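Next, two complexes with chain A in common: one pairs it with chain B, the other with chain C.
Right after this comes the complex of A and B.
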């Protein structure tokens, strides 16, 4: 899966996160995470994000995350939504998202 | 009491009553209304207008919230609404001007500092990788040499003056990087300007012609440049553009000298040239200084050649003097598009 257009999911409100995805010219995934709880949960957030990207099979795209202390399930859902929008997927394999 | 915030979008020019309410909120927050903004996101609590943020293309302006409601989630909701609106309009990459004291607030909304004029204004963008990725791309185009020159030109349109400046700069440098201002708000379209520059500099061996970007002389870095016809010359805005150039663009390409023509006619460009010496050479900076070389204009039939002169002649329909002012490709272009 590749990001082919810019897309957005989520909000900047407390306990949520904003995920922005943009295409990259080459096959590379670049993830940048900013979080209000970076020191405490930064590593865990990164793991959740990377696992979600791997599950979706993303091979190309820039992913920028502004986290406001979201729970893991919210992070997964927002990342999935942004990627699927950015990759212009309209046929969903829901089992892949679980 | 209903303390829910309701957000929606208005055009202050079409909706006078709400425009006046926005004006009052901005005044309360020591901000001026920017007349150019066609879209405002406003937030209401009950009937009271408590938040507003303007969107001018990809630039966020005039952000204000009622002072008594700060510290709640109002500002973050407002910024979220603006970002969503911008995406709907096709702008994921946004810029924002603010006072340096507000940088940490907008940092919480996903904006990152690009350049600051201390005590006056900071330009931010809503991505942590924007300028970095741009600098990385430029770095791949680095050329060896001790004296690396740069010219940024709008070339509206390309004249013998531009050609003279390019050839002179190239002859004095190991390599010359030429950027064409990308913003499409000039009389001649970016595509046409770039094509005419490209034709006009052909044959100069030690030159790279670059597409401009939103990081140089754009509506984001230098908003007032494009409103010069209105006689507005921003004090700080050219500074932001030049600080960005010195901090990111010059180091990426190893630029040591920036060349400009002296400006006899256009006040904004003349001010920009003066500011250039201040911000590229004189001002304190962590980035190395870039030497500004001001080249006197070439003179043809006793008039200094300038693009603004060409535009003036076009307006008055005076094509007779053109061959003395512009190279063949520009001349052909003007004849095929303007001669009657």
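Right after this comes the complex of A and C.
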């Protein structure tokens, strides 16, 4: 899966996160994470984000995340929403999104 | 018997509410993918609800999802997501006939088989929002073994009836029709939301009316209404005391092999004993009315 257009998902409200995805000219995935709880949960957030990207099979695109203390389930949902929007995917295989 | 006094609506696109609503302990939480979600956020809300349903914090609370109608571009995708995520109950909006429920049930069964979920484990409820729905309430309520309840949705209904919300007169026939249909079908009946969250007096007046009519509970739009509703539905000390005596008398009669139960010289039949057991169950769930 490749990001083919800029896309956003989420908000900057408390307990949410904003995910922005941007196309890259080559097959490379860049991930930037900023979080209000980076000190306590930074590694866990990174693990959730990377696992979500791997599950989707993302091979090209930049993913910038601004986290406002979201739960893991919200992180998964927002990252998936942004990637699927940026890759212009309409038909989902729900069994691969759990 | 599952108590369903409070069904709290949560906008499916709101991550903060989805992350915290379980702390308010309504009897059921209803994630809304329909009217509370804008068209451009339907995809993101569906994903949020899909993951929230699988969050362990919702393991001990009954989950309901109001999907979009199946004749929209969103309804079937909503259903795929929530059945696979393990939702307890799917709420179908704008249900006008039993055929609407049959169509939903066929899709639910297909998805259950596809994802390996036990067939029949996804329960259904129908929201009745039109004159057609009210007239067909009985056939809707009895349309499927999966049905656990029917709910009256006031706003769309009064629009369809060319009237507006007022003192409740405008809902009287619909409330009674929905309630009778539910009782014939042996399922639960839920009343409309009370949208003025700052008007506690008006809310409690409406709760007193629907409780007297016999509704199991009410759809709620604000967590502040939960405690008010549960307290209004809680039995009084006198109710609990009498229920204890009824149940004790019934148990004594059963032990002694008596066919007729009497308490203080009055005959007590099975419906009174069942009612007493429900009173005790409510008291256990929400305590005695304050």
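FYI, the second predicted complex is superposed on the first by the 98 of 98 C-alpha atoms of A that agree within 3 Å, B and C clash if a C-alpha of one lies under 4 Å from a C-alpha of the other, contacts with A are read in each partner's own complex, and residues count from 1 in each chain.
Simple rule for what comes next: a contact is a pair of C-beta atoms (placed from the backbone, for glycine too) under 8 Å apart; a residue touches a chain by one contact, two chains touch by 3 or more.
Nothing here was measured: the structure is a model prediction, and the numbers come from that model.
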Side-by-side fit of chain B and chain C on chain A, or clash: fit
Chain A residues touched by each partner, larger count belonging to chain B or chain C: C
Touching partner for A:62 - first (chain B), second (chain C), both, neither: first
Superposed model, angle subtended at chain A by chain C and chain B (C-alpha, nearest 10 degrees): 120
First (chain B), second (chain C), both or neither touched by A:6: first
First, second, both or neither for A:15, with chain B first and chain C second: second
Partner chain(s) touched by A:34 [first = chain B, second = chain C, both, neither]: first
Touching partner for A:74 - first (chain B), second (chain C), both, neither: second
Where chain B and chain C come nearest after superposition, their Cα distance in Å: 7
Residues of chain A at both interfaces, chain B in one complex, chain C in the other: 11, 13-14
For the chain A and chain C complex, residues of the former touching the latter: 9-11, 13-17, 70-71, 73-74, 76-78, 80-81, 84-85, 92, 94-95, 97-98
In the complex, chain C residues that touch chain A: 15-16, 18-20, 43-44, 47-48, 50-52, 54-55, 77, 80-81, 84-85, 115
Complex interface listing, chain B residues touching chain A: 73, 76-77, 79-80, 83-84, 87, 92-93, 108-110, 126-129, 133
Contacting residues of chain A [partner chain B, same complex]: 6-8, 11-14, 18, 20, 22, 30, 32, 34, 36, 62, 64, 66, 68
